[in-house]
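Right after this note come the structures.
Here chain A shows up in two complexes: once beside chain B, once beside chain C.
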Partner chain A sequence: MNFQLTEEQQLIEQSARDFAKEFLDPIAVQLDYTGEFPKAVIAELANHDFLGLHLPAEAGGAGAGFVSYVAVIESLSRSSAAVTSIINNQAMASYAIQTWGSDAQKKQYVRAFIKGETIGAFAVCENGPTTGIGPDALNATKTEDGYVLKGTKAYVRNAGEAGVYVVFAVTDAADPNALTAFVVDASAAGLKVGPRLNTMGLKGCPVAHVVFDDVKVPETAVLGSLKAGREIATRVLALASVAEAAQTVGIGQAAVEHAAAYAKQRVQFGKPIATLQAIQTLLAEAATDCYLARLALRAAAQLVEDGKPFEAEAAIVKSFLARLGSKILVDSCQVEGGMGFSESMPLPRLFRDIAGTTLLDSPADFPDYAIAASIA
Partner chain B sequence: MPKCLVCYKWTLDEKDIKIKPADSSLDTARAKGKISDFDRNAIEEAALLVEKQGGAVHALTYGTSAVKQSLKDVLSRGPEKVYWIADASADAADACVTANVLAAAIRKLGSYDLILCGEGSSDVFNRQTAVRLAALLSLPCVTYVEKLSIEGDTVKATRKLDEGSEVATVKGPVVVSVLGQINKPRIPSLKQVLAASKKPNEEIKITDLGLKPESLQPKSVHRSVKGFVTKRKNIIYKESSAATNVAKLTSSLAAEGLR
Partner chain C sequence: MSLLTAEQQEIKKTTREFVAKNIIPNAAEYDKKGEFHAFLLDAARESKIFAMAVPKEYGGLEYSALTQGLVLEEWGYGCAGMGTTLAASILGMDPLLVAGNEEQRQRYFDPIVKGGIAAFGLTEPAAGSDAAGGKTTAVRSGDEYVLNGSKCFITNGGYASVYIILAKTDPTKGVKGISAFIVERGRPGFTVGTVDHKLGIRSSNTVELLLKDVHIPASNLLGKEGEGMKIAMMTLDIARPAIAALAVGIAQRALDECVKYLQKRFPDKLQPGQTLQFKLADMQIQVEAARDTLHHTLQLRDSGAPFSEESAISKALCGDVAMAITTQAVSLMGSYGYTSEIAKLMRDAKIMQIYEGTNQIQRLVISRAVLAPAPAAGAAQKAGK
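Up next, the complex of A and B:
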């Protein structure tokens, strides 16, 4: 058993770390304040092949595998999880189209995603109790030459910046659980992006509701086959939960490193506080949580890469981090005391961001269902 | 079109090195390796030259068995092939030994129009390898280079000196050592990293270089290496009279050996 990244994966991870220092560190604070979409960084990400990292070489991607993807997301998230939220959502859309799309859909969208020319968004959430149920549910009504989409997708990341949306709609009112996935151009008549939501963290990654007001799409807009949407969404969301865990570990690692550096230079009682046992306990607990989460994360990513079932392990990572992700930040803030509470330090931003990566897409108790189902 | 060879050193990353509090010795157990900083500039400059005007870039390194960890890294940065010499002698090698080994390897590899080195290594920063290498190969050497171009067989190099700069024009082959400001080393893209696995690397056995035993004998010996730690005494003179405080300060300094 080998818990180490391969030499190639280490080089990819190092490239991501170097990229983050050069391109993300200088803008991370500004993004948090302004929430401005980082277009220039998206172009650089494409130049360095990060947007096609997970896609096969024949599609124009780097074909580096899911373990490398997770290592890159963790490394970039140490500097800006807002940027990795954009990448992850883009990856969800590009992975879905590459995996289930027609040749025409792949040709039209995938290379544009990889080059950063088109941003993708994966829109599955709705305001109702579950997707497909409720007054705002997105419905697709069959017409002679395609479908008409009506309804609202909620909390869509990359909304407003995306050139294309992968959305899920009910095509059979009698069977609302059988969703169908559609690929919809942002320029389609009737597609309206609502006001941007003011989120707690991960600012820079825009979030908004997207309204489909009788949006006409051709039959060729269907992704995969009719009523295959639930399967597509489930698979993509499971993969995304691993990628989000990588964001959480990256944020946690950044917090631990900052707290440790602070503890070494902050002198109290005539010596650096890093030498005080109470501080050492806080640092040790935060570092331990981070280390164990990374091992579990990489184990889940390896299962994905090997084509094995990974959903229960992904849920375990998600559940572990839902409980301990924020604690890593609490412990790190505690090390820095009053200074850690100051917006002049990075911990408040990391605090807000880690809340996003542990809460979004599935509430903290949701993974427990998947874990319990795998053993009982 | 120039044929370039870049010599590089695989060093420990200084940010991973810790100083042991007990005796200030260095703890390198967890230190990762890296291509020495200025050597990255040399690699980048050769890659830029060849991308601009064609030619070829090869890389050459001499080190302990750890140099094998550097091969994919260096190949992801532009060179199309890397030659490596792994031998235990590198552990104690000084610039003299390093230059002897590199020169012997270059004689074996054939002629290059341009041999590039970093001005100094990240670890010991002796700044001797390039000049010694040039002397051993009977080639001209241009050091402290911050700008470089090649036209035909002529190398034009701008040297940064203490009181200004000078432009040296030299007919190749030539050995050039570069400074950090000459360029910004690339962050290899993922495709460049993945392509590195498909590029060739070739081991050169040190025993095949025909070196005499004395060529591998370092002229300088490191007895020990210790980290530099600033220890402040935090003495505050609190007498009401400034003259008394000054007198106490000067006597304290004298006690420390400052006269």
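Up next, the complex of A and C:
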């Protein structure tokens, strides 16, 4: 078993690091401050073929595979996890359309995603206890020539910037567990993006509720088959949790390295604090958590790439980081003491960002249940 | 059942009402703006709560340590940024309780009783955990001292009327060459430098203080020359439980908000739902254990027994619990937590592990006590244990 990236994967990873240095490092602080959608960066990502990395060559993508994809996400996240949140959410939409879409849907959307001309959004979450249940649940009512969508999708990433939304709706009120996926243009009449929500971190990746007020869509807007939405959502969310873990590891690694560099130059009691065992322990544990998470997420990514079942492994990575992801930043900030709490330094931004990549699972889908179910 | 006295319960209730009226409704807005909550000083003036540690003979409330802890927990529950202003003002007054003479107490408790606040200036860029590493100097000149240097991360620094400043009076003597001084606001050469923007407690005022040829009367020296670090350490022993109390408040708030949210949004996952039930139980175990430990520390102090080790234990435990509970709360509240005021609790909690001695410094204090040679038989029983 090989835990190392192949030569090609290493080259791709290196290109992501170079990209991050050139295009993300200069804007990351400002992006966090203003929260303005980074249009110019998205265009550069497309120019450098990062938006189609995970898509097959025949679709216009780079066909690089999922291991490369997560290596790129980790590398870019060291500089700006807000940008990788945009990429990941767009990738969920493009993956779903490429995998389950009709030829017409693929033709219409996938190349535009890869070129960065259209931003995609993937919207499952609702305000009720679970998708499909609750007063605001998105319902699709059949009409003569299509469907009418009514309801609200909650906490939609890329909201307002997306040109197209992949959404999940109940088509059969008697069977609210059976969801159907739809591809909806942002320009559709009745689709309203709510006010932007104030996220603690990942600022620059917009989040808002999206209201569907009798939005008419044609029959051809259905993604895959009727009532196949639950299966699509489950698979894409599992993939996304691996990609999200890559964000966490990137953020965590950046934090540990910053804290270690700080500890080497910060002198207290007549010597650098890096010489104190209490500091070494904090750094060592954080580095250990990053390392183990990286191995676990790469193992899951390899299963994805090989076309094998990966859901349990994805849940394990997710559960591990839900417990320890934030701790990496809590402890890295601790190494820097008062400076680790000052927004003039990088760690507070990373602290706010990592909470967004590790803590957002709803109690409705704790990864623990999937793991427990997988233990035969 | 509460073991608090009727008076303590009444104070807790009154404080809770004050917090509900003045603090909770304003916390999010001031956090967002990162602006000092000056209005709160006006709102609190009549109650003299900023003088709760000041003895009655000087016009203060003279609350017991435990009662102060109850008040601070409620303030932390409402907003740790605002609670920090109160805790740091008391910290700025504690040195007068530790080492102030009658004249100093008469003079400097007065502005606090009248509604002003105090600040404690120990930390410097080169002196964080190594608190004795400061470079600020105080040189005796006739019946004055002349102070030069700078302080950083000073809470209330931009708004205090009275400051305690630690400075070297004899650079050859190391820790024993440091002295503590009272410096009044407005002294020529005493100015506020940069204001810090922080991850949390954003409405509290954290600034750099600059001292350039600041002349103060020799009568502003606290205790004797060279006693500064001793006074500072005794002050921090008293002050650390105040931070612990804020931390317990944060943790309790996070738990309460979490329960409220889960009951509303996921009633079917709570009943039956052992995953959530047990997570909530674990949070409650931590909050309760933290509060009980803190109350024990405060009662030791009120009884006159030594409490230095317990003070460090309380600060480390309560700070770590606040961080863990708020993280867990955001996690249980998912995207709602991340986009609501709950996230503020998590940002606020982080400082509880850092200021007034990082939790690593607390562990140094605790480990020294653990590793100290066993006391002679008969002396081992600590008061209250």
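We take it that the second predicted complex is superposed on the first by the 370 of 376 C-alpha atoms of A that agree within 3 Å, B and C clash if a C-alpha of one lies under 4 Å from a C-alpha of the other, contacts with A are read in each partner's own complex, and residues count from 1 in each chain.
Just so we're on the same page, contacts are C-beta pairs under 8 Å (C-beta built on N, C-alpha and C of every residue); 3 or more make two chains touch, one makes a residue touch a chain.
If you're wondering where the values come from, they're calculated on a predicted model, not measured in any experiment.
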Practice prompt. Go through the superposed model and pick first if A:G63 touches only chain B, second if only chain C, both, or neither.
Written response: first
Chain A contact check, chain B vs chain C, more residues touched by chain C
When the two structures are overlaid on chain A, which partner does A:A188 contact: first (chain B), second (chain C), both, or neither? neither
Where does A:D49 make contact in the superposed view: on chain B (first), on chain C (second), on both, or on neither? first
Tell me which partner A:L11 touches in the superposition: chain B (first), chain C (second), both or neither. first
As the complex stands, chain C meets chain A at residues 32, 123, 126, 128-130, 133, 152-153, 196-200, 262, 265-269, 273, 275-276, 323, 327, 330-332, 334-339, 343, 346-347, 350-351, 353-355, 358-360, 363-364
Chain A contacts chain C in the complex at 125, 127-129, 154-155, 197-200, 207, 267-269, 273, 278-279, 322, 326-327, 330, 333-334, 337-338, 340-344, 348, 351-352, 355-356, 358-364, 366, 368-369
In the complex, chain A touches chain B at residues 7-8, 11-12, 15, 18-19, 22, 47-50, 52-53, 62-64, 68
In their shared complex, chain A is touched by residues of chain B numbered 69, 72-73, 76, 187-191, 193-194, 196-197
